[in-house]
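These notes open a run of structures that come right after.
Okay, so chain A shows up in both of these, paired with chain B first and chain C after.
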Partner chain A sequence: MTVEQILKEYSKLLPKRIIEDLKENLPKKISDKKAKEIIEEVVAEYKEMQITPAEGIGIITAESIGEPGTQMTLNTFHFAGVSEMNVTTGLPRIIEIFDGRKDLATPMMNIYLKKPYKEGKDIEKIARKLKETLLEELAKEFYINIADMSVEIQLDQKVLEDIGISNSKVISAIKKSVKGIKVKENNDLIIISKKQETDNLNEIYALKEKLKKVFVAGVKRIKYVLPVKKDGEYVILTSGTNLKDVLELDFVDASRTTSNDIFEIEKVLGIEAAREAIVQEVYKVMQEQGLNVNIRHIMLVADAMCVLGKVEGITRYGIIKEKASVLARASFETPMKQIMQASLMGEVDRLKSVVENVMVNQPVPVGTGLPGLAVKVIKGKIGGYEENKKEKKK
Partner chain B sequence: MSADVFLNGKFIGQVDNPKEFIEKIKEERRKAELPSELNVFYDERINEIHMESSRGRLRRPLIVVKDGKPLLTQKHIEMIENNELTWSDLIKQGIIEYLDAAEEENALIAFSKEELTPEHTHLEIDPITMLSLVTALVPYANHTQSARLNIGSKNQKQALGLYIANYPLRIDMDVNVLHYPQKPIVKTIAHDLINYDKHPSGQNVVVAVMSYKGYNMEDAIIINRRSLDFGFGRSTYFRPAVSEELRYPGGLRDEICVPDKDVRGYRSEHDYRYLENDGIIFPGANVSEGDVVIGKTSPPRFLNGLDKFSLTSGVKRESSVALKHGEKGIVDAVVITETQEGNKLVQVKIRDTRVPELGDKFTSRHGQKGVVGLIVDPADMPFTASGIIPDLIFSPHSIPSRMTVAHLIELLGGKVGALAGRYVDGTAFSVETEEDLRKELLSLGFRDNGTETMYNGETGEMYKVKIFVGNMYYLRLKHMVANKIHARARGPIQLLTRQPTEGRANEGGLRLGEMEKDTFVAHGTSLLLQERFNADSVVLPICENCGMLAIYDHYKNKTFCPVCGDKAKINFIEVSYAFKLLMDELKSMGVYPKLILKTKY
Partner chain C sequence: MKKPIKHVLVPEHKKLSEKEKKALLEKFNITIKELPQILKTDPAIQGLNAKEGDIIMIKRNSPTAGESIYYRVVVSSE
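Take a look at the complex of A and B:
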């Protein structure tokens, strides 16, 4: 008998992946007896690893993540002192992910580079190309001309040359993003005033602040770039994410580049990638805090957040909304809304899960509460069962 | 580059030379041309100047320094001593100024005169001004982590002492008075400044740093029974019982008296035994749980039209004030007065002597709080070679992780003070050094590190290690077991939900909360969980036709449904009363909660 034949016998006891693993790793020349012994061992190990039916894995996951969560510090960490880049970690980050929040406190990307660039070629230039350049970085000075009620901008020609942008491009960028203004060019001064004349100083101040944030060049939303040498290659860390535009750039290694924005990953790469991103992001935070949480717990949460084919937070608007039981939904948040909705739709609660059964004081369907007695009740034979019960209760 | 200027958060203009500008503002302020409340702060990073004159900022005084020399000179100090100069004069002359948190960012403040350089802008008046009043009471504060100082300060605020000198004349809620308060041997300048010796709140005790049979693990302390007999930590707890003769609409009013036997809710003759003819207890009565302190009757709560003609309507309600579950004491004083509305007001002050017991809380002044773990007979306490028996045993494990070095130095300082018969100054940053203390201790005939040979009190054997023994100021905190102990097996339930009442005052149950419930679920012990939650379980007759609550008539032993009539099929279910209540509330909102019954098996 070959190893393959033996394995075929076990195909019902072991999952495909383990059989495949065995096929690869069992020595080619092995006696049947020995092979069987090894496989038996694997089967035993596999059975041991299986979760017992009726185990409350949901609540165990909740406790396994919740308890270490109480020990997490609320600190936001600094990036190993190299720069001033701040990243939310710890509890705030976990909450951000599990709530399925769309606007992150610190969106961030790890951009990996292709061959010649990852050794550090033109790294400064690449970094600059990625970074979103705002008008305030190109200007030497912003003046408020109180007499004319206008803002005067003096551009730094040296910086313009470095980046390779002309004055006219700057002006067109200003015109494009700020409405209701007049733009004049006077030597190297750009003079901007409101179309509607005003004598309110605060309005001009607001205009000045708005002009500072005008987008001129680079990849949008990439606020800050930082080339870092990690494991012998250059990686660009960014603050702000724009996965779609970054992946399109020719010097970027798209297979490894990541963002910490789960919704962006879902949009660009799909739901499976988003699920993996949730697992990785949460696991990373747990590791950083020195907490030992089994990755399977995180996977279960990530699965729950992604089963619907789109990422949903663990909130009353997210996955809780999808619960079948009215009482379970009502026990989470906004009970009035849930009960009103249910009464309008004539919903039926079948008391199939845990919370509802706690509410009506019945055994919950996990552990000892799940198995039932499989006896066929034939009328008349075990007869009068119901009547007896009634007598007793009275 | 020109900087934007903001006054109280509003943009007011730009200046070309920000640094020059703020210097000028400060100059003007010191000349009293600008108000002394104005603070300026230049944020170089974002190139903005913020001026603040609004209220609600925390500010502190500092000596102005110019060219490395403080403006406050010896001449000024002499003038102050002769009462020729006041604090506000110094501020007007620009010698002392108040900085807020923002302006401090621009300042370079010297700790002492010696470290002044031309770059410095300010000098501390005294390093201790950095600390609050309570924190300044911690001796050797500069040897302890700041976090521990905070804890130590908070602990001192909870310590028992003489909270006010006229306490016998007052009626305060929930107060304690320590019986034999002492001045601390190791004190700080703050103790002198606030007249701490007029109202001390602790006692000097002999402390041995060692473990004792494990009864002082996890921060517990062990106390010598003899010390308690001599008065260590003994205190009196005062609590008032108050009752007012209220007036109600219709000329009805309460009456403070010994209630008649036909009053609704009459307790028992035994409970009223201490009341005098006016319905008030006499001073000196030794009362305990259930005894009535002020007898009172009230008119019935609800009067409807027909009650006027009913015979029972005249029956009054009993509303006396009695001692609650677990309370005891001696009546200290009775005060009969009137309220602003002219109602008779009776206040009875009850006093209870509290000797420290297992579980009472004590602390040193360094955030080293702990609970009494064991009270040991003096015969069983360890003793030193010279025969000293410590009053208190403190666990050495409390020290390393918390790094309260000051605790150990106070122990040493206290020992020197006690032996030399003097007070030791422990003011932060300007103390008698540890080295001096050690030398003095050596000259007093002790080991310079404060350790002594000790013997096991039970066997008489000598301990192999030398034990650190010294004197320390210990405080008794107001958290006492007698006020907190609580347990229940069965007891009162709430009217609305039929669940156990909440809180110690109501003899309530200990709640098995949401998270505790989760642990039952996680273990899969679902029948145990059901049993734990069936305190309010009821058996309800349900009509299978309409799914609503049916009626069971005990007399006729018959069930019927008020909606579907006698013929409807009715079955019994067992649910929690809270669920029945939920259904009732849904019905009241107009939602029809129909129960569909099925056999469970």
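Take a look at the complex of A and C:
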């Protein structure tokens, strides 16, 4: 038997990472007996290192994230040269993620590109293709023709050429997004008038303002783009996110492109991707701040935020709302509201979890408070062992 | 049938058969209600043809264990 075959036998007892480490570090020429002995030792050590059942891991996580949190600085990070693009990091970003906020202060995307483009081919052109282009950026001037009661737009042909769109495409974009207008083309002027004739100048003025905001090309909500070179390939950083539309573009590497908007990831890629994104985003902030928080703590928080199949923040509207106990909810925020609501609904508190048992001065079901895990509790309500068993039989 | 999403953030999702499902619940001594949930409309399970009450096995890439296995039960999205 080779070492690999022996390791395969143990693949159910040990995690993949340890198996790989063993594969690397076991001497090449080793007798089966010796190899087995070593692996047995590793298995015993691994079991020893596992956390004991009924350990209060939540509070360990809370303290492990909370204490370094006090050392975090409030800061936003600016990109050199592009004043419009900045990124929230530090404590505000952590709060943003854990609270499950839907409108981020600085939505951002990291867009990876496919083969010929990631080496820098046409990088400027591609960046411009991604950026949301409004009509006002293409126009030299907007005129109001009072005699004809119309708006005349002079397009900047140079800009149009750079982006690679034609006059007719601009016109069709205008027709698509504004209703009830007539569009004419006259040399390089686009003349727009209302279908119903009007002599109210305010209406024409309102039309002009509306036309300025017409979406012509690019990807909606992508406000700024910045191509940068990262690890030998070009990546486009954007301000503003639109994961769904960007992933559909043909020059984008759809398997690596990400956003920092957790909810968008949940919508496009699913709950597991959202959980992974929470872990990565929080861990990234901690690293930037030079804090040493074990990733296991962040993984636990991310798991707790995603148990229900949708991302929920750690707020009284999020995961706290799901707690079964009235007293536990009341101990978090807005106690009066919680107690009043519970009494109106006739809720019963079974005192099964930690917080409510602390409040009523009883042993908490954590650690030695759960003897039912190790020994048979005859009439014990504390561990709830017997009680649970009966409930399950029903 | 939709293709599964290929993305670094999306781990492998697999639907358990009835037999595997029973074995799992027995192994952990739990009822189906105690499992974490996944919505039926979740983009990652669209190709799996999953119904409510099915269990999805997720093979996560874990930075600590290399690979970890997680289970979620399919629920309706209200």
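What to note about this one:
Basically, the second predicted complex is superposed on the first by the 261 of 394 C-alpha atoms of A that agree within 3 Å, B and C clash if a C-alpha of one lies under 4 Å from a C-alpha of the other, contacts with A are read in each partner's own complex, and residues count from 1 in each chain.
To be clear about the criterion, a residue touches a chain if its C-beta (ideal position, glycine included) is under 8 Å from a C-beta of that chain, and two chains touch if they have at least 3 such contacts.
A quick note: this is a predicted structure, and the numbers were derived from the prediction, not measured.
By the touch criterion defined above, A:Val307 reaches chain C but does not reach chain B.
When the two complexes are overlaid on their common chain A, residue A:Val360 makes contact with chain B while staying clear of chain C. By the touch criterion defined above, A:Thr89 reaches neither chain B nor chain C. Applying the stated contact rule after C-alpha superposition, one finds that A:Glu63 touches chain B and leaves chain C untouched. In the superposition on chain A, the chain among chain B and chain C reaching more residues of chain A is B.
Residue contacts after overlaying the shared chain place A:Glu55 against chain B, while chain C stays out of touching range.
When the two complexes are overlaid on their common chain A, residue A:Gly369 makes contact with chain B while staying clear of chain C. Touching chain B in their complex are the following residues of chain A: 54-56, 59-60, 62-63, 140-141, 143-144, 201-202, 205, 339-340, 343, 348, 354, 358-370, 372-373, 375, 377, 386, 390, 393-394. The touching residues of chain C, when paired with chain A in their complex, are 5-11, 13, 31, 36-39, 42-45, 58, 60, 62-68, 70, 72, 75, 77. Across the complex, chain C is touched by residues 15-20, 254-256, 258, 265, 267-273, 276-277, 295-296, 299, 303, 306-310, 392 of chain A. Those residues of chain B that touch chain A in the shared complex are 1-2, 4, 11, 14, 517-519, 521-527, 529-530, 533-534, 537, 539, 552, 557, 571-572, 574-576, 578-579, 582, 586, 591-592, 596, 599, 601.
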